[in-house]
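After this come two complexes, each holding subunit A, first together with subunit B and then together with subunit C.
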Partner chain A sequence: MATVTLKPTKTPTIMFEAFNITPDAFAGKTPAQIAALEGREGKIKVTIGDFFEVSGSPGATAAETDIVIAGDCSRVKYIGNKMTAGSITVNGNADMYVGGWMKGGKIHVKGNVHSFCGIGMEGGDILIDGKAENYVGCAYRGDWRGMKDGTIRIKGSAGNDIGTFMLGGTIIIENNAFIHVSTHAEGGTVIIKGDVEGRVGGQMVKGDIYILGKVQYMLPGFKKIEVVEKEVDGVKGTFDHYIGDLGERHPKSKGKEIFANLYVKAAA
Partner chain B sequence: MPKLITQVGCPYCGSSCDDIEVLVSDDGKKVLEVHNACTIGNNLFHHANDSTRPMLPRKRQPDGSMKEISYDEAVDYTAKTLLAAKKPLIFGFGSTNCEGMSAVGRVAEKAGAVLDNCASICHGPSFLAIFDNGYPSCTLGEVKNRADCVVFWGCNPMHAHPRHTSRYSIFPRGFFTQKGQMQRTIISVDPRVSDTAKLADIHYMLNQGHDYELFDAFRTVLRGHDIPDEVAGIKKEQILQGAEAMKKARFVMIFFGMGCTHTDGRNHNVDIAISLTRDLNTHTKASIMAMRGHYNIAGPGQVWSWQFGFPYCIDLSKGSHAHMNPGETSSVDLAMRDEVDCFVNVGTDAGAHWPIDAVKHVKKHPFITIDPNFCMASEISDLHIPVRIAGVDEGGVVYRMDNVPIQFKAVLKGLTGVPSDEELFDMIYERMCKLTLTEPIWLAALEHRKYPSVVS
Partner chain C sequence: MAEILIKNGFVIDPTRKIDGDVADVAIKDGKIVDTVSSAAKVIDAKGKVVMAGGVDVHAHVAGPKVNVGRLFRPEDKLFKSPMAQKNGYRMESGFSVPSTFKTGYDYARMGYAFVMEAAMPPLFTAHVHEEIHDTPIIDEAALPVFGNNWFVMDYLKKGEIENTAAYIAWLIRVTKGFGIKVVNPGGTAAWSWGLNCLSLDDPVPYFEITPREIIIGLMKANEYLGLPHSMHIHQNNLGNPGNYAITLDSLKLAEGIKPKNKFGREQVMHSTHLQFHSYGGDSWANFESKAKEVMDYVNQNKGITVDLGCVTLDETTTMTADGPFEHHLNHLNHLKWCNVDVELETAAGVVPYVYDKNIKVCGIQWAVGLELGLYATDPNRTFVSTDHPNAGPFIRYPRIIKWLMSKKAREATLDTFKYKDKVIDATNIHSMDRELTLYEIAQMTRSGPAKCLGLSNIYGGLAPGMNADVGVFDLNYKNMPSDPEMIEKAFLRAACFIKSGEIVVRDGEVLGHGHKNTIWVNVKMPENPQVMRDITQSFTKDYTVGLSNYPVRDYLAPHPFVIDVDVEA
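Take a look at the complex of A and B:
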């Protein structure tokens, strides 16, 4: 694997929209060519070289290319946008749209990320060591086809709108989350290891949610049907199994309605 | 002889009453009497008589004072500032006509600006819900003629839209609702005992911020499932009673306001309200409508959706396409994250309605206000450009809250030399084209364009 290192040299005044920081765009280019790749700062066309010092060299294909950003990207949007392979490591924070519409490869952000991390994701892995703001693995506005595949793991907490309109894939939040988990989802798995304030699985058609902490306000559309033993992301436990959202439409299979599943860790 | 002008539209709240009569003085310069309007509308017309209304732009001087300058200078400053900024934000349009909204589209595109309207801090979440879940809506005429069960969810028209209840929703006698209020079941959902709640047959005084749960409870009940004994602070029996009232009605109308769009969950509260409306249609007829605040705040949604494909939060800085994603391209978020470096406030008062921190952020950069009157925003601006008052001394098209277009009339002769929003934006656009050595593109608008014939 060949590594390209980007060292931040300047903080953008308006956000830097770096939709070209992807292994796909970097593959087969020289550092000078990478530095000349386009981005946006407001209406101004800028280049990656305006904000980063580029060193190392990429592989011939995206899959053979690793990108390391050696510093903070708090004002850089769209890192790993639509990437298909390879890897990106950010040694600091990143702004919005990390791994947006990503199809494959790996992203590791060692700090925090802002909203829309993994929006419209179709594959690959995102690992965030810090916390995420809102809209983790959500759908783009108005799109009823949200996250399709891939894995997002947030080690810290997350805000609201996790996995909205989700169809597949896995989202793991290792700490607390605020409200709206898997709203409108028709598939996929969301695991929240901390507490959630509420609105878990609202308007949810299909899919699974695991809450290892507490849900402060349960939705009235979820009904407890049984107590089960489960192993979730390496944690064994007893869970209350709810089905819902009973207020929402549900598909039928062999004459029986299929509901979404919500597993909440049973009180000890 | 004073002249009585009839069928005048009131340029204040989203009810956009179009049955106002205004008596104006001989010379057409003073409003003498206003008939049919509520107190707010009445006052609005009389305000136009104010002799202290600004007639020239004012620019902030190095010593902090404001000095009157000519319109040419103001247009030049605005054009140059917009061109120099990396990402200007043009916000407002709560109170102006569609002609102005259309003209600003050209300016925003040329400036690579973010174009946003007051929906951003008001009914924007409703748009997001509509994108996600559709909008089974109707006109206010249908409400008047058909609705026999009216739900006011998180809104208080008795104060915010004073004539809404008498013209459309509670009191009027319509074709199928000839007994008026007697025939209508009124349901109010509000954590406070508002004046609308006092009129209601059923008042759900829910725990604040738990609207989503209550909507979900109604939906669950309508699908024949059981619910917990208490949801969002409301007893199960009460919920069953309301669900039954809605099911039995011939036409259910749900009106929702800021209580849904600006409490936790925002767009999701509206989203599930839309789902509930859809569910109700398996039992009876049901429809839903946003209680839009201003008389033409539905206008930018219509005009800009036609121009750019999006109703609000439109980022035109890309040059090649419009990008919209509230949370990122919404005005307050842009301000709080220091993503804009020039702010133009049009026909609204960001100084009064924005969070103070957001105002502080945009205040670091050039701040221009385009508004007929003095307001908080105009007083902290670097430049204040007065324009005519749409609906009073300037006519135009407005969209009522149900997205019905209405032609509003000018009742007064405008102040001499003061342009309308449309004329001002055309002047700014033309100046921007001159400065960038490009040809202005007027398309079909050119023939209808009033500038520069009116402004001397």
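Take a look at the complex of A and C:
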């Protein structure tokens, strides 16, 4: 693997939309060509070189390219946008849309991320060591086709609207989350290891949610059907198994109605 | 204004039966002329096709339901909105429901001069006109909807054609409208009660009138007034298996009516987006094409014109005044749905739709639209449309032209279908060898729709005196490309487009905002005291707006082209 290092040289005045910071865009280019790749600062066309010093060299393909951002990206959006392979490591925070519409490869952010991390994701892995704001693994505004595949792991907490319109893949929040989990989902798995305030699984048609902490306010559209033993992301426990959202349509498979599953860790 | 001479192109002008003759087209002061001076700017069209500007008889491009489509589909803009072409031009956004600027630019790039907004809710006319004004380059008009209007249903129930006509004349005048649009006659009114009218004799609740009576009455009122366009109808039971039977029954209602107008129009009924109304079978399992049966009837009856409403196999946005249909569609595809009631007048619904080539029904719908065009014996009465954006966005017209002109292109698309064999079994497309000519395409996109709208003296041809709307397309008439993709490419981005005597597109790039006009019809009819009393009373009793606030102010249509119609009592 070949590594390209981006060293921040200037803080963007308006957020830098760096949709070309991807192994796909970097592969096969010289540092000067990478520095010349386009981005936007508001409505103005800028380049990666306006904000970063580029060193090292990429591989011939995205899969052979690792990108290391040696510093803070709190004002940089769209890192890893639509990437298909290779890796990106951010040694600091990142702004919105990390790994948006990502198809493959790995992203590791060692700090926090803002909202829309993994939006419309189709494959690959995202690991965030800190916390995430809202809309982790959600669908784009208005779209009914959310996260399809891949894994997002947030080691800290997350805000609201996690996995909205999710169709597949896995989201793991290792700490607490606020409201709206898997809203409108039709597949996929969301695991929240901490507590959730509420609105879990609203209008959910299909898919699984695991809550290892507490749900402060349960939605009335979920019904408890059994108590089960489960192992979830390395944690064994007893769970109350609910099905729902009973207010939503539910497709049939082999004559049987399909529901979304919500597993909440049973009180000790 | 400058003079322009388009030299040595292959001219195709069905209005004068010119088919590919190498000739010059001269332009002066916004009109086509016989000759120009030596100072004229010369455009070399050698080896290229020259046609009049395109005329779109039916598209949804301005007004509240179009804006609902824009607002509730942000995903229609995601990764589909290129940056403006260069400084001085406006942002272009949206795929199936483009922004007003993109609408004007894209029509111009395709060499279109005139577009009819096909369904204007009278109460929201101000909005329609504001959007039309914001759409650059192209001339536009709008058809107010009448098929579920309380006044119309009241008068027609009592058999009062003259009062119906007087009300329509008043409404077209105050809304700066163009003609009579009918959407799911009676059905949309029934939708207020959660019902629909799926047969010609289903009574509308409360009004106790039937779709049959509404259709006949509005055709009679149209000819009483002598409007440029005929009654323009979206029939009952759109989109359902087996609906070709009610389609034929509705078309037959035109048989008893004679055209009466001073605009050269010969039809009394324009039946729109016929594709959605030409289905056999009684379920989605045995759904099949009845395009042949429907076109056999249309071909024999000069009193009818149609537009195709071709499915283009895209992800698009459906929007119609057929409120109950959109509710039905939402229950089929489970995507988002918007529903609006427009007091006393109409309703509307909007639902996104994905015409997926991996779904058998979508493949059959694609075939039905093209079959209608290929069965047409009179291309001057059969027009290219997608019911934009319902069956696909208007930027696919060049693709439809490609399919109509090339069996190879049709077969290539059929080969991409997951259920190719089932689609072939349920349709006739695979056995049809006809390939339309450029002359027939010019009839379907220029001379035909212009005549149907009663606008053949200004649009659709290249005779001296007509509007100088001229497209030059990179196609060699004498040596057409073997690759059908080149046909789509040529019609998608005109080599040159002149609108109102000004070059607005060169090599597919917009050069200017042109001089757009809003066309409306000023129907002058002797004052009808009873109808004026009814209107005044209803605005006091039923409407949430005052009568004085209802008419569209002149400033909202600042570039009008007014067609006067004097109604003899």
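Of note:
Just so it is clear, the second predicted complex is superposed on the first by the 268 of 268 C-alpha atoms of A that agree within 3 Å, B and C clash if a C-alpha of one lies under 4 Å from a C-alpha of the other, contacts with A are read in each partner's own complex, and residues count from 1 in each chain.
Methods note: a residue touches a chain if its C-beta (ideal position, glycine included) is under 8 Å from a C-beta of that chain, and two chains touch if they have at least 3 such contacts.
Keep in mind that this is a model prediction, so the values were computed, not measured.
Bringing the complexes onto one copy of subunit A puts subunit B in a clash with subunit C.
Once chain A of one complex is fitted onto chain A of the other, the partner contacts of A:His184 are limited to subunit B, with no touch recorded for subunit C. In the superposition on chain A, contact of A:Phe116 is made with subunit B only, not with subunit C. Of the two partner chains placed by the overlay, subunit B and subunit C both lie in contact with A:Gly142.
Set side by side, subunit B and subunit C differ in how many residues of subunit A they touch, and the one touching more is B.
Within subunit A, the residues touched by subunit B in the first complex and by subunit C in the second are 140-142, 144.
Remark: subunit A residues 13-15, 40-44, 96, 115-116, 134-135, 140-142, 144, 160, 165, 179-180, 183-184, 198-199, 202-203, 217-221, 223, 245-248 touch subunit B in the complex.
On the subunit B side of its complex with subunit A, the touching residues are 85-87, 111-112, 128, 131-132, 210, 212-213, 216-220, 222-223, 225-228, 231, 264-265, 268, 271-272, 275, 279, 317-319, 324-328, 337-341. Subunit A contributes residues 140-144, 249 to its touches with subunit C in the complex. Subunit C contributes residues 72-76, 78, 334-336, 352 to its touches with subunit A in the complex.
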